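As structure tokens, here come the structures.
Two complexes come next, and they have one chain in common, chain A, joined by chain B in the first and chain C in the second.
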Partner chain A sequence: MILFVDDEPREMSSYVEELRFSGYEVAYESDVDSALKFFAANLDNLDLVILDIMMPPGEALKNRDTEFGLRTGIYMYREFRVQSPDLPVIILTNVSDVQVARFFHQEAKCIFLPKEDVLPYELAEQVAAVLV
Partner chain B sequence: MINTSENQVDAHLNTPDESQYDVNAALFMIGSLAFDPDNAFKDIGLLMEEYGHNISPEVRRQINLRLRQMVISIVETLSKEAHVHRYRDISRIQESLQEQRAKAEIYKRRIQLLAPSTQQEFEASLMWVAEKGKEEDLDLLHQVRKSPPYQADNISALFDLAEQKILVRLHDPQQEMQTAFGLTEAEVALCLLGVGREPVSYQAQQTAEMLKQIKQSWEEQFQPDALKEWFRKPVPLFGGKTPQEAVIEGRAEEVWHILIRLGEGIPY
Partner chain C sequence: MSSRILESDLPANERASSLQTLDRALELFCEVSQLVTSMPPADFLKLVPDKTCAMLSAPVCILWELDKQTDKFKVIGTAGKVDKQYKRIELSLDEPNVQRLLAHRGAKALRNVTESPIYAHLAAAQSMGWVSLLSTPLRVGTDLVGLLDVYSYDERLFTTWEKNLLAAFASLAADSLQKAELLRENQYKLSDSRRLEKLTEVMLEMTEQRHVEDLLWQLLNASLSLVNQSRGSITRTDYKTGEQVIVEASEKRLKGRRLEFRKGIIGQAVAMARPVREDNVLQNQNYMMSWDDTRAELAIPILISNARVRIGHKIESKSKLIGVLNLESPQVGAFSESDENCLWVLARYAALVIERIEFDQKLEELRRIEKRIAGNRDFDQTIRLILEGIMDTLKYEMVNISLVVSENNSVETKYIEGLSEADAEEFKRMAKHSLGGNDIQARIVESRTIEVLDVGDARFDLAITRRFNLDQMVRVFIPMIGPASNQVIGTVEAGYQRQYRQYIYEQDIQVLKSFVEHAVQSLEQSKPGLIERFSHELKSPIVGIRSHVSLLQKRISILPGDLISNKFDDILADCDILLQQVRNLEFFLGRDSLSSGKNEGVEKTVVFRDIVMKALKQLKPLVKERGFEWSKVTWRSSDATKIIIWVNKATLSQVVFNLLANAIKYAEDDSKHFKLLVKADEDEKNFILSFADWGIGVRKELKEKVFDWGFRSPEAIDRNVSGTGVGLTIAREIMRGIGGDLKLVKNYKPTEFHLILPKKLQEAPK
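Our next item is the complex of A and B:
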């Protein structure tokens, strides 16, 4: 199962539909708190997480320095990694900051994809490559 | 409005014989996606007034947003179609489609910023402008800030961050790029334009952004002056071509990724 976390469900609907069309089971969560709960409850069934970076921090991350939501996904990623160091993660984001990109490039089992460059079918291809 | 009927798509993109495929016709058709909903509304509005109806601003905004989203959906569908059928000159087609998608996204975000449906949508649009906004978005931010649709501490902070980030992005003129890469003005222009790109195209803007990132990455890891030499040195991963030649071919992002890996100690 794929956990897809992004606070803009309307914008992401074509990506989710494409993944489902390609045969993947996708659980979509649009806020930090529900995503963290879902992750903890379904950890054993998850094959991959697709994660946005710019999201409201919710209750769980409200005391972290997320730059008012601009970097929330970095903290979520770290939470996921603590619980599951080997789970593949695809970062799908509008963030183009070089420091952020470099951080994720250096992470194992992690792919950094700019949203503007990746169409839904291309995301499905990346997912297929990760889940081989 | 959108001059893209299913028949036209079939005629231009679903041609079974690849050799018959007319790239220029496809590009022309894709260009027709760049319609202007505001002009369309003038026609619709005049028509409806004749029959005694008006379109409220809220309905108008919703229709406008949906039209933008529709353009994005059409682009995504056409891109997949072109990819699946491996059309000739696919890179030109994909570039053109990406350009239309990016334009639709920018307009959509600006509409959402001016008249959001929810606070969440408003915050998301502010975050998007912070990361992607351009000079003209500064005026829009100032206008919205005078009378914001939602008020909260984090929204005020996001306004500040968005303005700061746009100003930082603006502060890196082409002159600085020439100095950093050791290029003449014409060489910078060639890097940005490649072969056959329009100066204002999405691809040219993307290349400019990537060159800034390459420069920044290099300066964080190596002696700034050495960039000029590296930029002209053949790289095996590019088939012996130099980073400069790769950028001209439209592969600036690949150059940046290789530079990051180089900084991590991964040889090429």
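Our next item is the complex of A and C:
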């Protein structure tokens, strides 16, 4: 199962639908708190997480310096990693900050994809490559 | 008296001689009695010893005055040969010899002073060769004011009439003595009260001064005038070198002269933090010459004796030295204790006024820098302006701005001033500290409090402290807290050498804190975050449009009809959002149609139909996306054609779109609470288009802040990360640009904005 976390469901709907047409089971969560809850509850069934960076920090991360939500995904990623060090993660984001990209490029089992570079079917191909 | 002589047993020749003497004495007494009424008491007193000698045919007379403060008699006049040593004798009121005299009524005679117990003044009298004494107290009523002594060189038996004559004369002298004393006191009181009056006048004038230079000039001249002197100077402390620099002087040649730390009498006053009065500078090894013939000097520190300083978290009172007021005179002992006290009061008052003027000047300069900061949207330039303010205006010698780097979970020095370029780079390499750690920067981020640390604090990074000699500095650490977000984005560390200025004053800290707060607000707007948000706001609908088209292209054959229809709605909504963001961006970059001409693009518009309804339709997919019912978006059909005005449709659409989009974005998640009501009203001068929603609202205290450029409330950030915080600012500027306004009239349930459209817009522009 794929957990897709992004706070813009309408803009992301075609990505989610393409993944489903490609045969993947996708759980979509649009806020941090629900996503963390879902993650903890379904850890054993998860094959992949697709994660956005710019999101409201929610209750779980409200005391972290997420730079007003611009870096929420980084803290989410750290939370996921603590619980599941080997789970593949795709960062799908509009953030184009080089430092952020560099941080994720250095992480194991992690792919950094700018949204502007990826069409829905291309995301499905990336997912296929990760889940081989 | 004369009858007693006539009736005495003296031989006739002696009786005749005595009578002659008596006549002469009485003649003199009458003469003197007349003088006492015709001359000033002080002048009369000068005659007393000579006249006494003449009346009594005595060779020596001493006039003593009682000093009531010390209860001692002091010699104030003599006749005959009296040496200096004798004149310096102070005769105690408690002395038994004096007490015996005072117990006796009238004058008391002592045939031979050697027969009396040896008291200091009698021993001295003996050494002068005096033998017999006739002494009488000087009293006015019961009030003792002095003594009058007559001595002979031979043993002499003073007669009763001589005693009575002296006693009678003594009462005249006593009366004059008292009058003279009263006059002196009154004169003193008079000059004292005049001085006080003048001091008050000077202080009042000082409060009106706006420039420190003028105030220092006034301080020097008023001080000289108060003590009737003509030479002096004022120094200011150079905190970098500890020197006192002459900034004002009665002679121009002295201006700019630098006096070494704690050197000279001025330096003594600095070291002791209190006035130093030197009666004769030639006897003071510390004296540094300004005038060749100076003898007396009075150095008065200009200081605030109870300035508030911060030590750690605590506030304490310490003195703050500003400079020294220094007066000199060619006369030995020219300055009295009263002069010193008077000028000490004036100098301390001047210190407070100087502090106030300089505080105001700093604030004024900082306001100018803050304006430049506010008009700046470049992060680096904003930081440069902050550094300029702290170094040049607030006069710190070192500033370190460390920022929180969330990717590294650290706080890192990003900007530093006060070090060489090479040192600054090395400092930046070394100063990277984990946010959970014990380093002071991390602790300040955590505690969110201001601190002035003492040398040796365990939270200092030892390697950095040693490498850059930071233990020689006193430093304040201030958290950079975004006023809107309430997040700590970094720290400001500012300091100076502690050698000549040990403390950081609380007033300076508060100025720095307020400046940092203002600057951080601007940084929030100019930091890469705002650009990133704009970029996100543009990319997001583009990514949406492109992904929908891609899905339609690839999967159209298998997609159900309603999904295809939804995709088209989403594409149209994203296009409208995108256009809206481009308009905001144009405004942000100063290329909006408003700035290019007020009447450009103006056309007759039915506001409700052409703008409100259209915007609602464009935003319909957003309502659906949030899971809300479209039926909860309501308006009155009667309002549809109520407002018909001449306006630029695109710009007014931008305002309406921003307001409606906010109402949807910031609605509560629970769809049961969603409600959006649009209606048109009017008053005498305006149409009022109101937008009411039952969303998360705006905290009362933030009602005006929501219109600030780049402001996003913490609640808004929690709800929706993608806002730029400029929508309402732009909307209000647009409305004011066309002569209307945008107001937040209710902050919660409903949150209600009023869009004010002037009725004069009903007329077509000429």
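What we mean here is this: the second predicted complex is superposed on the first by the 132 of 132 C-alpha atoms of A that agree within 3 Å, B and C clash if a C-alpha of one lies under 4 Å from a C-alpha of the other, contacts with A are read in each partner's own complex, and residues count from 1 in each chain.
As a convention for this text, contacts are C-beta pairs under 8 Å (C-beta built on N, C-alpha and C of every residue); 3 or more make two chains touch, one makes a residue touch a chain.
None of the values given here were measured: they were computed from a predicted structure.
Enquirer: Will chain C clash with chain B on chain A after the two structures are superposed, or do they fit?
Expert: Clash.
Enquirer: Looking at the overlay, does A:N94 come into contact with chain B only (first), chain C only (second), both, or neither?
Expert: In the superposed model, A:N94 contacts both chain B and chain C.
Enquirer: Touch test for A:R71: chain B only (first), chain C only (second), both, or neither?
Expert: second
Enquirer: Going by the contact rule set out at the top, does A:D7 touch chain B (first), chain C (second), both, or neither?
Expert: After superposing on A, A:D7 lies in contact with both chain B and chain C.
Enquirer: By the touch definition at the top of the document, which applies to A:F21: first (chain B), second (chain C), both, or neither?
Expert: Only chain C is touched by A:F21; chain B is not.
Enquirer: According to the stated criteria, A:Y121 is in contact with first (chain B), second (chain C), both, or neither; which is it?
Expert: both
Enquirer: Spot which of chain B and chain C makes contact with more residues of chain A, would you?
Expert: Here the partner covering more residues of chain A is C.
Enquirer: Touch check for A:F103: first (chain B), second (chain C), both, or neither?
Expert: second
Enquirer: From the superposed pair, tell me which chain A residues show up as contacts to chain B and also as contacts to chain C.
Expert: Comparing the two interfaces on chain A, one with chain B and one with chain C, the shared residues are 7-8, 10, 14, 54, 56, 67-70, 94-97, 116, 119-121.
Enquirer: In their complex, what parts of chain A are in touch with chain C?
Expert: Residue list for chain A touching chain C: 7-15, 17-18, 21, 54-58, 62, 64-72, 74-75, 94-97, 99-100, 103, 115-116, 119-121.
Enquirer: Which residues, counting only chain A, touch chain B once they are in their complex?
Expert: Touching chain B from chain A are residues 7-8, 10, 14, 54, 56, 67-70, 94-98, 101-102, 105-106, 116-117, 119-121.
Enquirer: What does chain B use to touch chain A in their complex?
Expert: Spelled out, the residues of chain B in touch with chain A are 69, 72-73, 75-76, 79-80, 83-84, 98, 101-102, 105, 120-121, 123-124, 127-128, 130-132, 154, 157-158, 161, 209, 213, 216-217, 220, 253, 257, 260-261, 263-264.
Enquirer: Where on chain C is chain A touching in the complex?
Expert: Contacts found on chain C: 404, 406-407, 485, 487-489, 528-529, 532-533, 535-536, 539-544, 546-548, 550-551, 554-555, 558, 563, 567, 570, 573-574, 621-622, 625, 712, 717-722.
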